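For reference, chains read A, B, C, D and E in written order, and residue numbers begin at 1 within each chain.
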Amino acid sequence: MTGEDVRSALSLTLIGAGIAFFLAGSIGVLRLPDLLSRLHALTKADNLGLGLVVLGLTLQADDAFQVVRLLLVWLLVLFASSVACYLVAHSATHANGEPTPTVGPDNPSMDKRDGR
Amino acid sequence: MSLGLLYGLAGIALVAMGLYAALAARHVLRRLLGLNVLGSGVFMMLVALASRTTEIAGRPDPVPHAMVLTGIVVAVSATALALALLRRMHRHDDSARLPEDRLP
Amino acid sequence: MAAEVHALDFVLVVLLLWLGWRALASADLFKAVVQFIVFGLLVSLAWVRLGAPDVALAEAAIGAGLAGALLLDTLARLGRKGATDEVRPLGLTPARAGIALASLGLVILLVASVLALPESWPGLTAPALQQLGASGVTNPVTATLLNYRGYDTLLEIGVLLLAVLGVWILDAEAALPAAPADPMLSLLLRVLLPLTVAAAGYLLWVGAHAPGGAFQGAALLAAGGVLWHLARPLSLPASRPVRAAVVLGFAVFLGVGVATAVFGGGFLTFPPAYAGAVILLIEAAAMVSIAVIMVALFVGRPAQGTK
Amino acid sequence: MRRQRAALSVRSSALGALLALLWFVLTGGAVSSWIVGVPTIAAALVLARQIERLTSPLRLDPAGVLGFVTYFLRESVRGGIDVAGRVSARRLRVAPGLVRYRWRLPADGPARALFALSASLLPGTLVAAVGEHEVLIHALDAKGPVPAELAELEQRVAGLFALRLSAPGATDA
Amino acid sequence: MPEWMTVALWIAAAVVLATIALGLVRVERGPSNGDRMLAAQLLGTGAVAVLLLLARAADAPALLDVALVLALLASVAGAVFVRRLGVQPVQRGQDRTAEDGP
């Protein structure tokens, strides 16, 4: 068992863990009861899954450039999905977080704002 | 089964469904989706056939790839123009269907 | 790229066929459009598997950016009534049976001809690679697009130009009700715009020797422009610089062609010594033009542009 | 006005340096690539100035950055495990609801944006709306210790930007 | 790279693709347009992971560029959707019926 083998095994373990989180994310998107809860599964489980896959792959990267590139892709996805989820969540609640919200013409009801 | 054959057959299936939808659907947007799926199928056949050429230095035939690249850009610009025309028609008489497809 | 078939390919093909069909047959048009967007995403994976990363880059940039944006924008403008289709949009009726039969006939014809083809043939790989040294670039796809078959690419930019002229000729569309400025959307734009510009420049540069090029870069830039329009609505056709940018690519390409015809070996025949520089010049101009054209196709003709 | 312009040019040069670094990484350090790289980065900076509005100076605290990064990584792992555990239990362990949280971070500057983005990656919380005085949070378990976790995140973000926050007692759900 | 590693990476890519394909059920079912959009987002993230795995398995670093493009554009469709259509308020009532709610 050489150092190379150990690194490969560790890399595969990380990738496997990443896949497990992808699976959890998909299950969450299917099982959770409402849109906002499903967004949780998407932002957290899938981004962690991608992060673990990236981490596993950096162990096998050819050079430092590739490592930085892989991390850059992960950071971008993290940022993009976080913003996209915020935008969807914001649009779903139609609220702006204020005690006296501005109610648009297409949005007369604010019933979700006080949900617990 | 080779890679080229698998994707080539998939491309043929896409061509068939795209053609059927482009001719059979009534909503113009769906006809456009049909044309786009048809286009993807044609591109897929081309690239799949290119993957069956003899590779030199690990590269398949670049000419179909260049043609498909051109095709994708032309397809999206044609779709954009068609969508603009669809919106124009909808502004004009509030319908997203061609006159002969409208229900009496 | 490994040419053997993997489990991945079967999963991918099944998903492609299912999504392609659902995009056409889903009663709800919004659902159909989302399925079409996902379909485009998976098609770019198929290009990767078929050893065409240049095409995959273009499909990813266009599919995830402009194409989806155009379709969603149109759905919004059609309104709830306009975006409703019948429950079974492709249900079989006597009239459609003919179409179905014709499609089926085409399938049989195509399958028979694909099966009749030899398992392997030389294609144009050898001549394309032999001339690569004189083409000015080392990526054979870029060499094909800008040197061997420069006519195609010149005319392709012409098609884009005609498309945007077509959109501008139509009468103005009423602006959609302005949504309030969203701080997170501006943040998204502020972070992504410089990155898309840098990545587009990178794709332009890398296209000379590896997958990439002007079209991929332009599609990426255009997506940045779409984001810009969403965060702060642009009025594109009005300004003179925009019109100049729209014709820049075609003009430079045509100018180089005329110059080579008058002083050199013929229309769009580049002297090998300068071919690399000439291609870079044409590609840079084409990238700016195509990006501006694509954004203009998305923006359409806003109401304030009219007299 | 002059201070604002100075802040803007500091920001432009920081962005330029960052993009140059990105270019270096993407091209693998190829020297000839800068023929394209320099005009590209110049264009990116010109476009970035077109859309830039924020002009307040940005201060980062190195120790705070390090603290935030480790906190962020630890919490996002915890967030992933938390949601994975909740959804794969035989009976879903969720009690979703909305929670209000009163800002302590200042309204100007990128601190609130960073808070909103990272809150969505932490266990059980998702930012649904950002207001002037409050932020609306969707929690997977609304009865959990959400305000306490948010207060800690806010503290970490404040540390990153070298900001001082008012006493934590002022928060309410 | 050892042979078994290549095989493992190919399998991993196929499994990721199959896993994220589960999200297509959400596209099919909805109920709201926001749900469909979020499932599309899920597939985008998964496609990035598949591309990264393939880049290693097939030893084609160019695929990292494809992944980079997808990552850069991952939020565009979502942004267009929210700005142009938004989550339809029709579904809001039934969203709240949590099976396990308080």
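Observations on the structure shown:
The rule is short, and it goes like this: contacts are C-beta pairs under 8 Å (C-beta built on N, C-alpha and C of every residue); 3 or more make two chains touch, one makes a residue touch a chain.
Everything numeric in this text was worked out from a predicted model, so none of it was measured.
Common neighbours of chain B and chain E, by the contact definition above: C.
Any chain bridging chain A and chain C, meaning touching each of them, is among D, E; the list is complete. Hopping across touching chains, the smallest step count from chain A to chain B is 2. When C-beta pairs in contact are tallied for each pair of chains, B-C comes out on top.
In terms of their C-alpha centroids, the spacing between chain C and chain D amounts to 33 Å.
Chain B and chain D have CA centres that are 41 Å apart.
Centroids built from CA atoms put chain D at 15 Å from chain A. Between the CA-based centres of chain C and chain E the separation comes to 21 Å, rounded to the whole angstrom.
Counting partner chains per residue, chain D has residues 22, 26, 92, 94, 96-97, 116, 130, 142 touching two or more of them.
Counting partner chains per residue, chain A shows two or more touched chains at residues 25, 27, 33-34, 36-37, 39, 47, 49, 69, 72, 76, 79-80, 83, 85-87, 90, 92, 112, 115-116. Multi-chain contact residues of chain E (touching two or more other chains): 37, 39, 44, 68, 72, 74-75, 79, 81, 98-102. Chain contact summary for the complex, chain D toward chain A: residues 22, 25-26, 28-29, 76-77, 79-84, 86-88, 92, 94, 96-98, 100, 116-118, 120-121, 123-124, 126-136, 138, 140, 142. Partner chain C is touched in their complex by these residues of chain B: 1-10, 12-21, 23-27, 29-30, 33-34, 36-37, 40-41, 43-45, 47-63, 65-70, 72-74, 76-81, 83-88, 90-91, 94-96. Taken in their complex, chain C has these residues touching chain E: 1-2, 6-8, 11-12, 15, 18-19, 22, 26, 28, 30-31, 34-35, 37-38, 41-42, 44-45, 48-49, 53, 56-57, 60-61, 64-65, 68-69, 72-73, 75-76, 176, 179, 185, 188, 192, 195-196, 199, 203, 206, 210-212, 216, 220, 223, 226-227, 230.
Those residues of chain A whose C-beta lies close enough to touch chain D in the complex are 20-21, 24-25, 27-28, 31-34, 36-37, 39-41, 43-45, 47-49, 51, 65, 68-69, 72, 78-79, 82-83, 85-86, 89-90, 92-93, 95-99, 112-116. Listed in rising order, the residues of chain C touching chain A in the complex are 180, 182, 184-185, 187-188, 191-192, 195.
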